[in-house]
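Common to both upcoming complexes is chain A, partnered first by chain B, then by chain C.
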Partner chain A sequence: MESGTQNKTNKIQNVSPSGAGASKYWWKILAVILLLYTIIKGFLGPVPAQPILHESIRNLYFHVPMWFSMMVILFVSVWHSIKYLSKSTIESDIVATQAAHTGMLLGALGLITGSIWAKYTWGAWWVADTKLNGAAITMLIYLAYFVLRGSIDEEQKRARIAAVYNIFAYVMLIVFLMILPRMSDSLHPGNGGNPGFNKYDLDSNMRTVFYPAVLGWILLATWIFTLRVRLEKLKRKTLLND
Partner chain B sequence: MLLQQVKYLIAKEVKLEMRNKYALGGILLYVVSTVFVSYLSFKQIINPATWNALFWIILLFASINGVAKSFINETKGRLLYLYTLVSPQAVILSKIAYNLVLLSVISALCLFVYTLFVGNIIQDLPLFLTTLLLGSFGFSSLLTMVSAIASKTSNNFTLMAILSFPIMMPLLMVLIKLSKNAIDGLDLWDTNSLLILVFLNVIIITLSYLLFRYLWRD
Partner chain C sequence: MKNILTFLILILLPKLIFAQESQHVEMAEGLFQSGKIYVVVTVLAVIFTGIVGYLIVIDRKISKLEKEINKK
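Our next item is the complex of A and B:
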């Protein structure tokens, strides 16, 4: 059903140079299949019984892939900002912005799922933890990026300055995410003496759901992101025609 | 060529600063009054963590105020004139160098007034001073770049703060950790953190050097 409507819009959109042709929507079908599999197998499949985690361990299929896909999408954003600085095509700017927006959506979902998980395992909605700080900083950086965009009216200038900030902030963010775990302990698995999931929790049964889930969420994020890009382009087009 | 230009531009900055001294006086007074306000509200701070955090917060705000004007006060005409004469790299490097001097003065004054009023609990002064110097270096390069970005917008002082705070966090956390070590007087110098600090400075300067030429042309 979904792929059918997608097909039609793809054909209409095919006139515009948005990249993928009509025959290249197989990954959207793959995304739906993978996510259906994730949801069904994730909620019904067997999981190891762990003392504090209990059934909440299933959140692994939803919480962790959010951060993976956010980092992928934010990388796309920064890549297009670099492209904008070298080529100055407004399309790169649209892509960079919409990728950042999608990244924020994923970040918000990651924070919500993580917050709920934290409440039931660590006992609080928000705890002092390096990874949570990293997530908060990421959100702050990209919210600042949107405010920066909002405060410049001229289109070319906005695109250029936002691109510079995007690159600058992304590099600092990566450095931050690399440095931070070395500075203090974390409650997250695999940090500060906590055993990683792969040690005993993530048994081969969970792996068969976790890896497809990661791929599925990344594909869904890409899908949302391409839709946003196309919507933005259409908006600009109608704006120009008016 | 580049060095020559940087030298002239730094001389220009110093000359301009000396011409209206009240701007420099204002920022130094800002530091003193902020420290005095915190002295009145805290009296004596014995807890090292609080002492350290308050010191860096005061210095952070003073630095933002000190550096913010470096691009925002430049008139369009002067920038255009510079643009015909020198390379963008020379402009950003000279501003960073000048702000480094400015921030070193601010942080030295801040340390002096702070220890005078709030009390001196630093046990390893050389390490603290090294941290302070590296911190001024990082602050100056990062804030100069952010001030260049913010100067292109309509509400630049608000933007200066919201753009710089999140990307300053890595720097600030390493600085706070190192200066805490200095206060506690742990005998070993944490070379790892010092290296991270130097590495951060190198990254920020490289990024400013590479990206500034896209910023200043209107």
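Our next item is the complex of A and C:
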């Protein structure tokens, strides 16, 4: 997302390392503060007493932000894929790939935590639900993105085909996660005839934790993703030097 | 007879109205009572700061490498 400007700030930082440094990592500090707040108030703060959910309602602070940050990071990915198609700079390709990798990590965590939550509220690790199956299919679509990348050797060709596929993958993600679950009944809150998400999200106590949690997780995901991008760029640079 | 009936209704009415309230949803009250939940929260906070510390170390290592390679 900010990789273009990051290079510029890197060069500025080399000139004056003390001044540009602090302005660069303030959001990492914010991420840590927000998530520490989430952990502490998320476990100790008051929550509404709901049947079936009981204390597991606190999962809202951890399971849901995984998906939110996955969608944000994958949007960054598709954004850079579009950028690659218009400008053909290999840097956009690197950013798109690494963002997709980070998105998959978050998606996997979202699936696992959702499965655990389902076991103790719905009574099964997995139910054939539109939302759940949609999430699983989305993951498979993105896995195919990596398979596709791995199968093409030529760099420019690989980047171009992968970028086109990535646009398709993000559209499918929206269809499977946002549209189809809303068109049918679902056990999962926020879908079909079960708008449960609003019910507990309306609780103002939970909102004071949930929104900072979402922002915190998105920032942490961005941190991991930028680390991946920087590492990949270093790898390519050293390969070129050799 | 009538009096007894109204008396009974008056007695039972609040019970009928507040019957729903008595459906108690079980929450982890015991966990909060003993105060040991704070131990769990502290442990989680420590693990999280550990992971963040790890991220910071990786971040610094990458920064160092970036500087070295940019010098070349």
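Everything below uses one rule, namely that the second predicted complex is superposed on the first by the 206 of 242 C-alpha atoms of A that agree within 3 Å, B and C clash if a C-alpha of one lies under 4 Å from a C-alpha of the other, contacts with A are read in each partner's own complex, and residues count from 1 in each chain.
As a convention for this text, a residue touches a chain if its C-beta (ideal position, glycine included) is under 8 Å from a C-beta of that chain, and two chains touch if they have at least 3 such contacts.
Everything numeric here is computed off the predicted structure, so don't read it as measured data.
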Partner chain(s) touched by A:231 [first = chain B, second = chain C, both, neither]: second
Contacts of A:96 with chain B and chain C, given as first, second, both or neither: neither
First, second, both or neither for A:106, with chain B first and chain C second: neither
Partner chain(s) touched by A:43 [first = chain B, second = chain C, both, neither]: second
Touching partner for A:71 - first (chain B), second (chain C), both, neither: neither
Chain B versus chain C as contact partner of A:35, first or second or both or neither: second
Which superposed partner A:169 touches (first chain B, second chain C, both, neither): first
Common ground on chain A, meaning residues reached by chain C in one complex and by chain B in the other: none
Chain A partner contacts - residues on chain C that touch it in the complex: 23, 25-28, 37-38, 40-41, 44-45, 48-49, 52, 55, 58-59, 62, 65-67, 69-70, 72
Residues of chain B that touch chain A when the two form their complex: 145, 149, 152-155, 159, 162-163, 165-167, 169-170, 173-174, 177, 192, 196, 200, 203-204, 207, 211, 214-215, 218
Chain B-facing residues of chain A, complex: 85, 133, 137, 140-141, 144, 147-148, 151-153, 157, 160-161, 163-165, 167-169, 171-173, 175-176, 179-180, 182-183
Complex contacts: residues of chain A adjacent to chain C: 10, 14, 28, 32, 35-36, 39-40, 43-44, 47, 49-51, 54-55, 223-224, 227, 230-231, 234, 237-238, 241
